[in-house]
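Think of it as A, B, C and D in the order they're written, each chain with its own count starting at 1.
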Amino acid sequence: MSAVDYCAVRSLTEQLAAPLGPEDQTVQSMPDVSPTKWHRAHTTWFFETFLLEPNAPGYRPLNEAYRMLFNSYYEAVGPKHTRTERGLITRPGVEEVAAYRRHVDAAMLELVAGDLDPALADLLVLGCHHEQQHQELLVMDIKHVLSCNPLRPAYGTLPWAGVAPAEPGWIEHDGGIVEIGHAGAGFAFDNEGPRHEALLRPHRMATSLVTNGDWMAFIADGGYARPELWMSDGWATAQQVGWEGPLYWLRDGDSWQQFDLGGVAPVDPAEPVTHVSWYEADAYARWAGARLPTEAEWETAAPLPGEPGDWYGAVWQWTASPYNAYPGFQPSAGAVGEYNGKFMVNQQVLRGSARVTPPGHARRTYRNFFPAHARWAYAGFRLAV
Amino acid sequence: MSAVDYCAVRSLTEQLAAPLGPEDQTVQSMPDVSPTKWHRAHTTWFFETFLLEPNAPGYRPLNEAYRMLFNSYYEAVGPKHTRTERGLITRPGVEEVAAYRRHVDAAMLELVAGDLDPALADLLVLGCHHEQQHQELLVMDIKHVLSCNPLRPAYGTLPWAGVAPAEPGWIEHDGGIVEIGHAGAGFAFDNEGPRHEALLRPHRMATSLVTNGDWMAFIADGGYARPELWMSDGWATAQQVGWEGPLYWLRDGDSWQQFDLGGVAPVDPAEPVTHVSWYEADAYARWAGARLPTEAEWETAAPLPGEPGDWYGAVWQWTASPYNAYPGFQPSAGAVGEYNGKFMVNQQVLRGSARVTPPGHARRTYRNFFPAHARWAYAGFRLAV
Amino acid sequence: MSAVDYCAVRSLTEQLAAPLGPEDQTVQSMPDVSPTKWHRAHTTWFFETFLLEPNAPGYRPLNEAYRMLFNSYYEAVGPKHTRTERGLITRPGVEEVAAYRRHVDAAMLELVAGDLDPALADLLVLGCHHEQQHQELLVMDIKHVLSCNPLRPAYGTLPWAGVAPAEPGWIEHDGGIVEIGHAGAGFAFDNEGPRHEALLRPHRMATSLVTNGDWMAFIADGGYARPELWMSDGWATAQQVGWEGPLYWLRDGDSWQQFDLGGVAPVDPAEPVTHVSWYEADAYARWAGARLPTEAEWETAAPLPGEPGDWYGAVWQWTASPYNAYPGFQPSAGAVGEYNGKFMVNQQVLRGSARVTPPGHARRTYRNFFPAHARWAYAGFRLAV
Amino acid sequence: MSAVDYCAVRSLTEQLAAPLGPEDQTVQSMPDVSPTKWHRAHTTWFFETFLLEPNAPGYRPLNEAYRMLFNSYYEAVGPKHTRTERGLITRPGVEEVAAYRRHVDAAMLELVAGDLDPALADLLVLGCHHEQQHQELLVMDIKHVLSCNPLRPAYGTLPWAGVAPAEPGWIEHDGGIVEIGHAGAGFAFDNEGPRHEALLRPHRMATSLVTNGDWMAFIADGGYARPELWMSDGWATAQQVGWEGPLYWLRDGDSWQQFDLGGVAPVDPAEPVTHVSWYEADAYARWAGARLPTEAEWETAAPLPGEPGDWYGAVWQWTASPYNAYPGFQPSAGAVGEYNGKFMVNQQVLRGSARVTPPGHARRTYRNFFPAHARWAYAGFRLAV
């Protein structure tokens, strides 16, 4: 990975933050959300902590306090600021965060200029992928922040193109042993390996995503009022919070509007449904006489990123698979080993990638994960039978 | 299943409640716990609702209000009393609950006296297994209730024998495709089927359970103070609640006492550790350089109930497997279909059976389940590598 | 005070508990409520702690653990069981509590048989008044417990008569300096003194209580939907909890039923309104173009107990006065000094006495107090202008 | 009141906000706190809503949505944004708020240029006093916001001088009837009247405030560990939150530092203690063998603002008086009548004024009020005996 690649990733983060004022970048609208400027600083902290501090002998931190302030969850690194209080930190402000980024970038470019030993090269790649993840989170999170404002202000447009809806259809599979998971060259997170055998049952997989139009039919058929369609936890959550449609949908008489990055607009029935929880996806599948695919089925059916279809770049796709360790899974050594492994319970796997996933970040073996009730991610799904 | 079998099950419930006064039987010490008299009434409600009302033409309910009051979670049956308020219902009292049991038993014996059509015979068997489950819950729950009393009063002794600790050792398995799940004759819950192929990896399985002595070593080695051993959710829970040992363990200077059905007594290092959450079991396994077995591994290694060892009758055993549907799973038809399927998310599977499981209730294919943080169940574990 | 008086008070407590089964006596339906058997035990603990232990040399406690278990809030006495967990204590059961009462009564009768020094005689009187307070609380609390049961079971009837509604009218007062508060012989709580001057303004005081019929008119006129009538805290509480009428009122089409000690019955428009918070009373007064009287006004207008009218024996009457110390107030010495003084903030004074106040417990100078949101007390009010 | 006076008040608000970046101005660190830019906007909304809209015929609001967004608690004005979510509103940003202020100022200057009818003139004065109140809140609130930042950033210095500590001593009063409350010319809030007689007891009042040095002695003598000194509610709060000293005090080995507008510095024993709750002040007074003065005593003893001493300009001074209506109190007519009256329960009165009160805002009859647990206000106290 070259300095140019590093710069491209770093630069995209700033590009995504550019439409946002200092006020926008400061607020945390719920515990799951982080402020924009926190994302900008934390991704910087990652390079500082895991690359510069151990490997750049003359490196001087810009501010010692950032070590604690911008640690997300790495217990091995030391104390960290309480996650739920990220929105209380008004300083460093956006200008100081920009300066922090420049400070680390300068040192990083110096470090990267030389020959990197392989472990360090791997960390560089990891840091860039980590930053790409936060690019997606940054957009997800600011959407939630802006949605809390009764004025419903717009974020703007993303600097990359979306994908068109795919043709409906089914892919048949006869079942049997397949191989899934990452192996060989190329980057992957530790949770994508080791590559291993999985046993599939005969099944069919949809070639297209469930759409907003499908979802309206589900609502019209009482989908949110029929407990027999729902997991018990999901039904309780839906009743308690008062779910009547996907997050960001706004009832407008008999039709639906939705709040999106560009502001409020009518729901397009042809687009894939987004911002539904696993509970809702699971209930919909039961209503449709189908089920969610397992992640092994998904990975077997999916093409590589870049090929036609809506497997990538539209919405993350909930699967039936709880998120856990692949057989033989070993976390990466050191503090970065906290990256994925310690979240392997109480979450469901999502596959593919979304409209807000930065280009180049998708992989067929990629395992995203969220709790079953989460709705602020760009999550939809496709069916299997 | 004969009337004698029915009576034996019903009678055991009353035997388990016999050491408890009306005050003991009324209280709900946390939302997960139900009062003893609620268990006695709800199991009765099950027979009344699913067997008598649809099949015994002349049957008259003792009290129409019980239909709502003692419904646990069956949405299809109609309204239900709020789970968290079961401990607020002082009436019917224990005598009235006893009368309700006698009323339903009389009608049931009449119903059972004739030839039962197969569907009804199946419901009868299901009702008895359901009541056996609640026998175990009754004991688990009252233990929690009594533990909240600073006087630490004793429940008494169980009317059946326990099992001795097993010899340590390992069972090797070369991996490959096996069959698991229930098929054929004999009762099983719907979640135990269908029988299907599973792919095992080569592994070793412990022939004995992790003991209290092992657990003391884990504590002494800082097991509760080393975040790198824990899942993130588990670490947060342990810190927040202040876990320092299994539920019901009481620090006594340098040694440990524990509250049990017989009152407070020293912890026996040779006995299997009990009342640990999945988070703790998982952390211990990591500390021990091992892992929890999957449920397929467990079922493949386990003997049938009745054979030597500590696979059954000691503690339920946490597995690495999240609780979800077997391939091709179909819930039972009708309201009893709410029995298992709607809980298939956010839980972990436990296998075997426990000291408090009534005799005859264990099966090799039995799938018990609890959330990863639960500790009031009789849960321990064995290791795999 | 004679042994006969002591026995009469103690006996009335048991008489009030007699209609209640062990299940009824065990439950705590909200943090403010205490279980019946806790009231029976705590009043006993008071005599044991403050009279027997310091003064009866040979006295042996029945159970050392009761010292902690039945301490309500006396910090000076030592540790106390958490108030919110009183409903988790199933043992001692009602029979053991009865034995505890008998044990203490026997020792008390021995103690009382001799000549009491004045300090001890005062404590004896205080203990009896304390028990009378808990007699009222016992009834208030069990009413709340039973109201949580969807079956709405009845408690029964009180062993003393109520009072008839008084004639409407006004008492004029020209204002000026008056004396209020307790002085001289006869028992009073420390918070009723010292007697002191108070400055009244010219005003009129209603001779009768606001009735259920009046309250219906308030409701019909949108009383619960007009924020301009309410204190800000009261409006927020009313909106959040969803108040639409007094506690225990049940809407029945266009009319109202209420749950009372005898079960559910239609609301009688002629009876004084009961179970309203200070917030509601204050809002009503504003709606009626009046205000609540101050406690000094109330005490000046009120006759002695036993004279005609509804000043005593119907409902406690909210006043405009926050509860605080009279000028020169000194708490009683010793642990019993925690009786009243430490609650002198965040409460409003109520005067008179209620249907559930035991006979002989009322005084013109009596200062009852509850937080402004409390509704489970027998509280109503009269108007002043 | 002239246009110049209006401009002076408006300008001071902007001066107080000037040291704060857009990030600082956006955050709400607890429900009681409001963001700086909200204060700037809400004070503007007050003039727009109560002066311009009804009286300036050609006035066009800058943004219709601000009517709801910047309403604090005026039910009569219409819907309002949830108080606890003021910190989620990133837009309008600080520049837009500045534009809103300029827009309203321009219209106000036009309105004020002409002859004002007396009612409007009164509203103008009220609006300026309202804005002065928010100037103080703005500083109090931003101090809390900045204190949540582990970097403890400084706000800066206030643009007006403080007062020196006063000489210790006592003022004797023989008791009797005095007059308190506002009457006659000059502005006062509605809650300061009507002027009325109050009855004082003989007492002594301290001529100086309790100091930080006094408070250290209280701490050293176990003041925070002796329940007998505390109101019950206060003790519970202190235990639950873990109070060990005034808000913003930071233990530093054996000495104390405190966070203030200028950052962290050692506590000066000669300065008046600040940021203590009423509970703490009351406990201290009991410890010192004294009591808090009533507000009538305070008003009788206090000089006019501007005279020597620490009665004004140092700290608000807790009194023993619960906040309620003076005899004959009538709220102002119209929506501004919600200003004070609806908060007259569950609060304690404070008198004087504080370091952060803008010059010219103090009055001898001024009645400030906060709940007994509040600590983020600049509150201290003096003793009475």
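Some points to look at:
Throughout what follows, contacts are C-beta pairs under 8 Å (C-beta built on N, C-alpha and C of every residue); 3 or more make two chains touch, one makes a residue touch a chain.
Computed from a predicted structure; not experimentally measured.
Shared contact partners of chain C and chain D, listed by label: none present.
Centroid distances built from C-alpha atoms place D farthest away from chain B. Distance between chain centres (mean CA atoms), chain B to chain C: 45 Å.
Separation between the centroids of chain B and chain D, computed from CA atoms only, is 58 Å. If you check each pair of chains against the touch rule, the ones that pass are A-B, A-D, B-C, C-D.
The part of chain D that touches chain A in the complex is made up of residues 21-27, 29, 37, 65, 68-69, 81, 85, 87-91, 93-94, 145-146, 148-151, 153. Against chain C, the residues of chain D that register as touching in their complex are 73, 75-76, 177, 196-199, 201, 227-228, 230-235, 278-279, 282, 320, 322, 324-325, 327-328, 338, 342-346, 348, 372.
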